[in-house]
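So that you can tell them apart, the chains are marked A, B, C, D and E in the order they are listed, and the count of residues begins at 1 in each.
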Amino acid sequence: ARDSDTIKIKGSDTEVNLAVQLAETFHSDNPEVFVSISGGGSGLGIASLLNGTADMANSSRSINSEEIVLFHKKTITIDSFIFAQDAIAFVVSDELPIDSISTKTLALVLSGTYKNWSSVTSKKMPVNIYGRQSNSGTHDFVKKKLKIAFSPHAKEMNGNAQILEAIKQDNSGIGYVGAGYVIHGGSKGLKVLTVYSGEDIAVSPLNSKMIAAGKYFFQRPLFQYYKSNSYDKVKPFLDFEKGQIGQKIIKEAGYYPVN
Amino acid sequence: MKNINIDFPKNQVTSLIGPSGCGKSTLLRCFNRMHDLSSDAKIEGSIKLDDLDIYDKKNSVTEIRKRIGMVFQKPNPLPKSIYENMSYALNIHQFPKNEIQKLIESALKESYLWEEVKDELKKPAVKLSGGQQQRLCIARTTVLRPEVILMDEPCSALDPISTRKIEELIVSLKKDYTIVIVTHNMQQAQRISDKVAFMYLGELVEFGNCQDVFQNPQNELTKNYVGGHFG
Amino acid sequence: MKNINIDFPKNQVTSLIGPSGCGKSTLLRCFNRMHDLSSDAKIEGSIKLDDLDIYDKKNSVTEIRKRIGMVFQKPNPLPKSIYENMSYALNIHQFPKNEIQKLIESALKESYLWEEVKDELKKPAVKLSGGQQQRLCIARTTVLRPEVILMDEPCSALDPISTRKIEELIVSLKKDYTIVIVTHNMQQAQRISDKVAFMYLGELVEFGNCQDVFQNPQNELTKNYVGGHFG
Amino acid sequence: MKKRLSRFLNWTILLGCTILVCLFLGIILFDIFSKGMSSLSWGFISQPPTKGMTHGGILPAITGTLWLTLITTLFAVPFGIACAIYLNEYARPSVLTSMIRASIRNLAGIPSIIYGLFGLALFVQALHLGTSVLSAGLTLGLLSLPYIITTTEEALKRIPDSMREATLALGATQFETIKDVVLPKALPGILTGVILTLSRAAGETAPILFTGVAFYINGSTTSVNQEFMALPYHLYMLSTQHQSIEQVRPLAYGTAVVLILLVFVLNIIAFYIRFKQRTQQ
Amino acid sequence: MDVKKRETTDWLLKQLFKAIGLITIVLLGGIFMMLIYNSIAFFAKVNPVDFFTGYQWDPGSVDGNYSILPLLASTGLVAAGSMLIAVPLGIFTAAFLSEFAPGKLQAVLKPVIEMLAAIPSVAIGFLGIVLVGPGIAKLFGIQNGLNALNGSVLLAVMALPTIITISEDAINAVPKTYREASLALGADKWATLFQVTLPAALPGLIAAVMLGLGRALGETMTVLMATGNASAMPGGFLDSIRTITATIAIEMGEVPYQTTHYFALFAIAAVLFLITLAINFLGEYFANSLRKFQA
């Protein structure tokens, strides 16, 4: 494969495993096109686009104003494409006597105000937060949605899957991952919390109907950004994602199609 | 090495002489089992201190080495202070703490070193001159009150003045200790020793009173050697 | 080193003698600029080959070394085959390919080595005996037809029989080459040399015909040295 | 009595420490091999990963690591040897020489992640090589340079001067001497050092993180400006980032086995060369 | 004529080799300059006082908290812990190897140590996740073993080969006469080892520890995988920690280039660089003082 035949995709860890599966099937349908995928986080993808080291950036957050300025300075025009939807799942050990949580409580727990589960449940155990790195799209999204700063005692795991692994072992832990990870990580020892905001009923991130209706508080679009002038190169892949096979893979991976 | 039979008489100085490589050092090191360290040496025969068999496994080698001190060719003070050099062995052999100071002082006086170092006992021993170092090594040995002191060319690394001092020291020590000394210097052997043993190729060739061996050697080899013809 | 003025006469063997450390090797190595390699040596005065100034920057050092060969104390064959040892310098100096074989053969014959190695020229040179190796080193030098051959104790690492062979070789080579040899062996110097230079502490003390220097030395130092009193 | 006890204690402490150190190696190898051998098969090393990397093999990671090591070699070995030649054959003791030596010692002590940053700033950004196997290989090359210089210089030091004098006295130039005598003679020693250094480079992860390693690529790397997969990063990814960590754990163990085997084979080759050389002398 | 050509080649190549030798200085200087240049860009935006005295590293927050202190404390803690384990183990093993092990045992043990040195750091980090971490969690009855202690154990394993090899050299370099002196005074070999040989080898042993420490401070993958990466100020060995190296590895992947956060990572890298440089110089100093004392 020469460089020109390879689509370089970088960015979001949330999307990376999904992108791998898409690329795999895409390549077996189009053997002359190669795809190279790296995770690292949403920020890396956008930065790579800026630096010309990627053709496409996966991002689980929208591009921020600081970045728009940078693109403007370099006179790069970019387009975006939303190829799927994600619902961030909050996960605890199944030994913790709690099934749903309000966004308000969540904010108090994640910001480190509640240091013990006794404030929320009958159990008296310290709260252990398993989160993502400060610059991940997911981290950024949760923080902005809840309008908090994360507790500095939150452990920053290297990926979504490691968060699940940790919570399986830690019956006082809480963490957040993309929806795709919950079905794949296996539910043994885990519990996905339903979330209610305000007066509404609690919604599960696994409930596709509610998501389709836009009712889950932490649902978000998954973006792919690309330079306008490399549209021709990435088009076959985008078409593939939009197509039937692509959407099927996305669904099977635990994410939600764009309506 | 073979065929070696010597009685080292008490309170006398016995010199071991012979050409380089003849086994003088080797023999000397047998006396305090220094070879235990290195080698796969084969040991036959016996070496006795009074009636104690040195190579008997039952006897503790550290005890033997305490009773048979050794001074080496190159002064080898430990990389510690003068005081620690002296106290090291005393501590190891668990001499009572309150006596240590006194023992050290008397041993240093015995080696005529006290006056020179009494104000700087904390100084690293390596800062001393070569001759002082060697006297320190001797004092370090005598402080344990051994019965025998072995010396392997103790002056060969020293200047004539230091050598002279050490020689005087050796002579003055012999009233308390039995001394065995290896030397290459015939004049030195004549000056200090009561008995002389001449070795050649690992064998003892001649052993007798100092006078006899030098003035009137019995063996042809000895005659050549002390006459300076080889070596 | 200072005050050295020697004319090495053509087609004669000149020996450099003197106690160890007096600068014989140093002087010898000046002649083919071997010191260029190592040191920050200060060079004063001049060394001339015929009328060529050896230390003139204009003159190529490789060319000089081709004209002034050198044989070392320890035989140092290259870690290659016998043939390659001989051909190496010829190739470097771009001798015509078709002559190489012939040149090697005649040089080996000249060194009386041909008969011993002609069937195994492909053998690694290090497999030869010490004496053979040294003769190979000499042949390797003569194959370039130098004008002068410098030898630094060429026999000191060899047994008496090999030494004898090399000495004969040196004598037979002198009809074609000017030879300068360093030796510690007075007998050897007398056997092979026409001229003798005696050095002491970096200075040339005496230089003259072999006979004169040995039988009738002018200088007190020389007299002591050749008489065997020091060194 | 007290003495005997303390002697016994001393003995147990020293022996115990030594045994513990050996035990560390034992535990590492036992755990990885006992759990990883079962996933090892021909398919594992000859196939690309499939089904979102939950099945199939690790071929692209193996070829990626080989590419990487090749580029590292091509860059670091000539430069490293040249520098060692300068230091050992030409350089006189001087301020400059001691500065070079101090640089080399300090370069060897710089954390590998900082080489990663430097590679990112120099090769990826400044030289516009992008994130590619070339950038990553050059970064690892820089990292390896001080080790290659030091081991080569040591090998050169063991060549006696008499060897050099032999050819110099025949009128060879210094370079001819180095080329014809010194280098051939020092070759086994240089080779040992180079192989050991490369085995370390092959196991490095931090310097390639930002310079070109990819989570996944279709097919194997075939050109130097492509991104690549690498064994150490693959192991890192499978054990921390993959979405089904539990499911791919056997693959992670298998990858660890392949990585360790690769490194050990290189080490054993180096030991063998060293052993051969010692017995010959 | 041809001679001219050969000698010109020789001269040219000599210059080439010299130029390549100079590259090492350029390389070190280049790395230094890169770090300094980017750090200056960082300090233009963030007050150095905050950088060194704040207590929070949280670049994502609105006003951006860039304080190296928790990272430094983490790095120091995990490295100190690893040295607590590795130094006695390493020095005693070296002492056993050089003073007591018979030749045949040495021939077995040396390759073992080289093999230990050869194991890639990811493999060690991997074991931290699957083996050591869970083991520690069980042992201390805590929920998660990804903490400073885990990192210290793993780093100790990685630093051991360095410490053992250099300590052994240092012990071997102690003149035999010291041992003889002590033995001849009737000291047994233990007293000789602990009271004479090891003290005499001390500068070399310190150099060994310094180099091992440098290794532990600079290690990335192992700590990244096995210590939990919490950026709070660590309170003890059972807390999750985040070292400087891990911070760079995590965040460099996620930052847009040329932003404050990007420069901040170079600034902490510069601090790490200066620390390792200082440790190298210290190690070198002690190694040199050993050499002097041998002469």
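Note that in this section a contact is a pair of C-beta atoms (placed from the backbone, for glycine too) under 8 Å apart; a residue touches a chain by one contact, two chains touch by 3 or more.
The shown structure was predicted, so the numbers you read here are calculated from the model rather than taken from an experiment.
Asker: Can you give the shortest number of steps from chain A to chain C, where adjacent chains in the path must touch?
Answerer: Minimum number of steps from chain A to chain C: 2.
Asker: Touching both chain B and chain E: give me those chains, sorted by label.
Answerer: For chain B paired with chain E, there are no chains in contact with each.
Asker: Rounded to a whole Å, what is the gap between the Cα centroids of chain A and chain B?
Answerer: Result: the chain centres lie 83 Å from each other.
Asker: Report, in whole Å, the distance between the mean C-alpha point of chain A and the mean C-alpha point of chain E.
Answerer: 36
Asker: What whole-Å value do you get for the distance between chain B and chain C if each is reduced to the mean of its CA atoms?
Answerer: That gives a centre separation of 49 Å.
Asker: Chain B to chain D: how many Å between their CA centres?
Answerer: Each chain's C-alpha centroid was found; their separation is 54 Å.
Asker: I need the residues of chain E touching at least two other chains; which ones are they?
Answerer: Touching at least two other chains: 6-7, 188, 225, 253, 257.
Asker: Among the residues of chain D, which are close enough to touch at least two other chains?
Answerer: 125, 173-174, 176, 236, 240
Asker: What are the residue numbers in chain C that touch two or more other chains?
Answerer: 62-63, 92
Asker: Let me make sure I understand the interfaces: which chain pairs count as touching?
Answerer: A-D, A-E, B-E, C-D, C-E, D-E
Asker: So in the complex, which bits of chain D are touching chain A?
Answerer: Touch list, chain D to chain A: 50-53, 124-125, 128, 130-131, 213-219, 222-223, 225-227, 236-237, 240-247.
Asker: Touching residues of chain C toward chain D in the complex: what are they?
Answerer: Within the complex, chain C contacts chain D at residues 32, 34, 37, 40, 62-66, 69-70, 72, 74, 76-79, 88-89, 92-93, 137, 140-141, 144.
Asker: For the complex, which residues does chain D have touching chain C?
Answerer: So the residues of chain D in touch with chain C come to 92, 162-174, 176, 180-181, 184-185.
Asker: For the complex, give me every residue of chain E touching chain A.
Answerer: Result: residues 56-61, 70, 134, 137, 143-144, 146, 224-225, 228-233, 240, 242, 250-251, 253-259, 261 of chain E touch chain A.
Asker: What does chain A use to touch chain D in their complex?
Answerer: 1-3, 6, 8, 13, 16-17, 20-21, 23-24, 27, 34-39, 48, 51-53, 157-162, 164-165, 180-181, 184-186, 253
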